[in-house]
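Note that chain A is present in both complexes that follow, paired respectively with chain B and with chain C.
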Partner chain A sequence: MTVQPLVRDSRSRAIQIAFFVLVLAGWWTMTGLHRISPLFLPGPVAVAQQIGRIAHAPTLALDIFYTMGTFVVAYTLAVVTGLVAGYVVSTRRFLTRVYEPLLASLYAIPIVVFFPTFILFFGTGPNSKIALGALYAFFPIALNTIAGFTQVDYRLIAAARSMGANDKQLLHRVLIPAAFPIVATGMRIAFIACFASILAGEMIASDHGLGHQIAQAGQMMEIGRMFGYVTLVVLAAFAFNFGVSALEARRRPA
Partner chain B sequence: MAIGIGVNHLSHAFTHNGAPLQVLDDVSLTVSAGEMVCLLGPSGCGKSTLLNIIGGLLKADSGVARIGDAPVNGVMPQRVGFVFQENALFPWSTVWENLMVGLEFQGVPASERAARATRALKTVSMSDFAKFYPDQLSGGMKQRVGLARALALQTDVLLMDEPFAALDEQTRMILGEDLSVLLSETGKTIVMVTHSLSEAVFLSDRIFVMTARPGRIKAIVEVKREHPRRPDFMTSAQFNDVRAELYTLLHDEMRAAAAIAPA
Partner chain C sequence: MKVFSAQVASIAVLLLIWEVAARWFIDPQFISPPSKVFAAIPALFGDPQVARAVGTSFVELAVAFAIAVVAGVAIALPVGLSTLTYKSAFPIILLIYAIPQITILPLFILYFGLGPPSKIAFGASHGIFPIMLNVIAGIRSVRPIYLACARSMGASWLQIVRRIVLPYVLAGLFAGMRLAMSVTLLGVMLAELYVSTSGIGYFTQRFSNEFDATNLLALITVLAIMAVVLNEAVRRLEARFGRWRRAQR
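Let's turn to the complex of A and B:
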């Protein structure tokens, strides 16, 4: 029963790797043949050299620490408040009816338009990005937590109750595992939104951080350096995604 | 060991699109200790509602249900076990964990759980699948596990809500045969909801035929045949006679139910 997935797994993995090789080859070819000006898009070799230079720059560690620190604080804030708010709203039908549509409509607002306001309130330091990132992450977590807990199959609840489950057992052994996949999806969407909005915030107004370096290099037409930082951000995102996928796979061998 | 069930003047209504919808109207019935009965009726006649009220999952508007001498006032995990349709297993847990968590809910001491789960799985011939997740099992296997989960609880009463509804006919027949053997050995008092005539005849001592909504007991049909019942019962004249009688009783109600089905 478990032989087929292994074969299928290695084949799909090969296609995924081929995709990235193809992108890299396309990039290398287009820039190598000078179909694209190196002023707009330097080749992969040039970018790799820039990464080497960035790696020796004294500011790199500070920039990474700055961006990641901001992210960790913003995301943690959003996870805690989003899970609590979402769960509380899900516990009463009345609260769900009132607050779910309200949260959904607030989520539709492009919060980035308030970023200048956040700068006025919190300054150009990390706090304005924390506000932006936390808000972007809060809504998908809260909304998916509501969806996860309100959509638990009533038959599972009835089965647990009929076997004598008390409230605490029902929560831990039925509601949380049943809601988990939807809540986890919300946290994943939130992660992406949080990371992106913090980088955008740094690009708009900041003195440090990876986003700040990308914007600054771009403005100074140091495109190679800019793509060096872009590559670092892309790799960081991939690394995270890989980590999350590994965690999810370990939780449920299917 | 087994205990009987009594239902006295039970009525219940749901709210449907803001208007009350009477689903049960003055239902009374008695099930003897160790008896196996079916509630048979057209869709929407309130047979599942009746079962949920007997099991304490739902509170009736008026009337009383009793398990033994005790009036039903909420679930009774020590005395009443449920078997639902196949999707009532916890999909995030293995077969083994599904049984173990049920025993934990019931309050069985941790030291006794493994032995009980092992025995229950063996009873339904699912010992080899303890480590499987529900979505790796066929519909029939899931139902065996659902049955094992309820058997492990060692309750005197078993309430089954259309346990075979999602299965194909051949799987139902096999499960029905196994169930007849198994249940005659346990001596439990069993109420099963179904809308399959053959299933009702094959398994029941008595069949309560219900009317279209609002559900009432229209007739009680007895099946005088010892348990366990063998497959040849299904081709006997007795089986066909009872089945024909049920069909006649039910036909008008099915028509009536089709006419009043809510949009």
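Let's turn to the complex of A and C:
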């Protein structure tokens, strides 16, 4: 490696840090000088205080448990059905040509417009959010599973076959490892879509959960408290993103 | 042909299951059979209030999409065209993209009010990301050898932009537009479902509060069909402007 890219990297790192410092400083001065009403944008100190208050509230653990429980059920459902449906469709060329475009078209529908029917059907409890989150996560998993298994290099399959691999060996040793990166990408997209749609469902109609707390704080004009909850959710999303990136980097052969 | 008839048959089977389930197995307050839903569509859209609501939603979608495309390209060009800005700004864009936007929806309502502007802003905030990411990726995928080659053959700056950079930008833009269209629609619908005084979201809320499953499903079905058609239209455009890229591989 030459010196040139290193110098460039540190320069862009400096620009990035400067950007965030500027944003924070701007936030601080604008709210500190009362240029903006705290009703519209509370200062960083006020938000930090609210996070402290939320952390001590007895409802936080319950809300986290509620949202995460809903998420785990919805995501598991989507992974199982999406992988199975995707794999079955990928096994025959005819099935792929019939169902891949159908699934891709359905994926364009904003599923959230069906949420009122889910509420009619499942009530305002966790079941309606499970239905919404699972549907949102199903499509990326199914579509990427199809893409992953149909795009396996034919020469790999031919080579394994000619060396006498049976169906099971072919699946475990060739098809799954070759399809894995694309399937994993689908599962990652699905994870984010599932989490966001469950939060959305909780914000539109629910009595519990983190989404409900955000929506309620917003409706009561307690913007500081709302920012507090938003910060917690965003930090959780970032932490998760980092975790998955690290896992993916580990899986990828060097 | 065989593929197409199998697709039609699959949809027919789904509709049949829905019809049978709705007619004999499920409380009609919750679901309505497709025969009734489709029959209800003309009367529903004959209602001037509903027709106006659909119009409102589509104006919101169109304005939000236009803002997303223009603003997305305006940000993507300076970020993509220089290596320094790319390395500095791209991680920031990705970081902001990782925020679940739905959590800040109440802020949009607070800043832009209950009417269409908050829906437009929220929709545009969804659509801008696929545009930015795809246009930037498009510019970054220009092969350096083409630039060197053009320069060595004496191409002017304008010719390089017009002949080499622009095709990549357009291919990225149209790939981004399809995703942007679907997430902009999602953003507009989310904002309408959260709180609204007009638009499709308002009527879906109203029909579900009145347990009017037939009209609710009729409205949603029309919206879903429109979403699929819009997606198909943008996909055709994408194929048209990205064709040379696939041929190159």
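Keep this in mind: the second predicted complex is superposed on the first by the 216 of 254 C-alpha atoms of A that agree within 3 Å, B and C clash if a C-alpha of one lies under 4 Å from a C-alpha of the other, contacts with A are read in each partner's own complex, and residues count from 1 in each chain.
One rule holds in what follows: a contact is a pair of C-beta atoms (placed from the backbone, for glycine too) under 8 Å apart; a residue touches a chain by one contact, two chains touch by 3 or more.
Not measured: the values here are computed from a predicted model.
For the composite obtained by superposing both complexes on chain A, the positions of chain B and chain C are free of clash and fit together. In the superposed model, A:163 makes contact with chain B only, not with chain C. Of the two partners, chain B and chain C, it is C that touches more residues of chain A. Contact with chain C, but none with chain B, is seen for A:40 once the two complexes are overlaid on the shared chain. When the two structures are aligned on the shared chain, A:155 is found in touch with chain B, with no touch to chain C.
Residue contacts after overlaying the shared chain place A:180 against chain B, while chain C stays out of touching range. Touch criterion met: A:204 reaches chain C, while chain B stays clear of it. When the two complexes are laid over each other on chain A, the CA centres of chain B and chain C sit 90 degrees apart as seen from the CA centre of chain A, to the nearest 10. Touch criterion met: A:120 reaches chain C, while chain B stays clear of it. Smallest inter-chain Cα distance, chain B versus chain C, after superposition on the shared chain: 13 Å.
Chain A uses no single residue to touch chain B in one structure and chain C in the other. Within the complex formed with chain A, the chain C residues making contact are 2-3, 6-7, 10-11, 29-31, 83-84, 87-89, 91-92, 95, 98-107, 109-111, 182, 185-186, 189-190, 193-194, 200-201, 204-205, 207-208, 211, 213, 216-217, 220, 223-224, 227-228, 230-232.
Put simply, chain A touches chain C in their complex at residues 8-9, 11-12, 15-16, 19, 40, 94, 97-99, 101-102, 105-110, 112-117, 119-121, 192, 195-197, 199-200, 203-204, 211, 214-215, 217-219, 221, 223, 226, 229-230, 233-234, 237-238, 241. The touching residues of chain B, when paired with chain A in their complex, are 52, 55-57, 75, 77-78, 80-82, 84-85, 87-88, 90, 92-93, 101-102, 104-107, 133, 135-136, 149, 153.
For chain A in complex with chain B, the residues that touch the partner chain are 1, 153, 155-156, 158-165, 169, 173-174, 177-178, 180, 252, 254.
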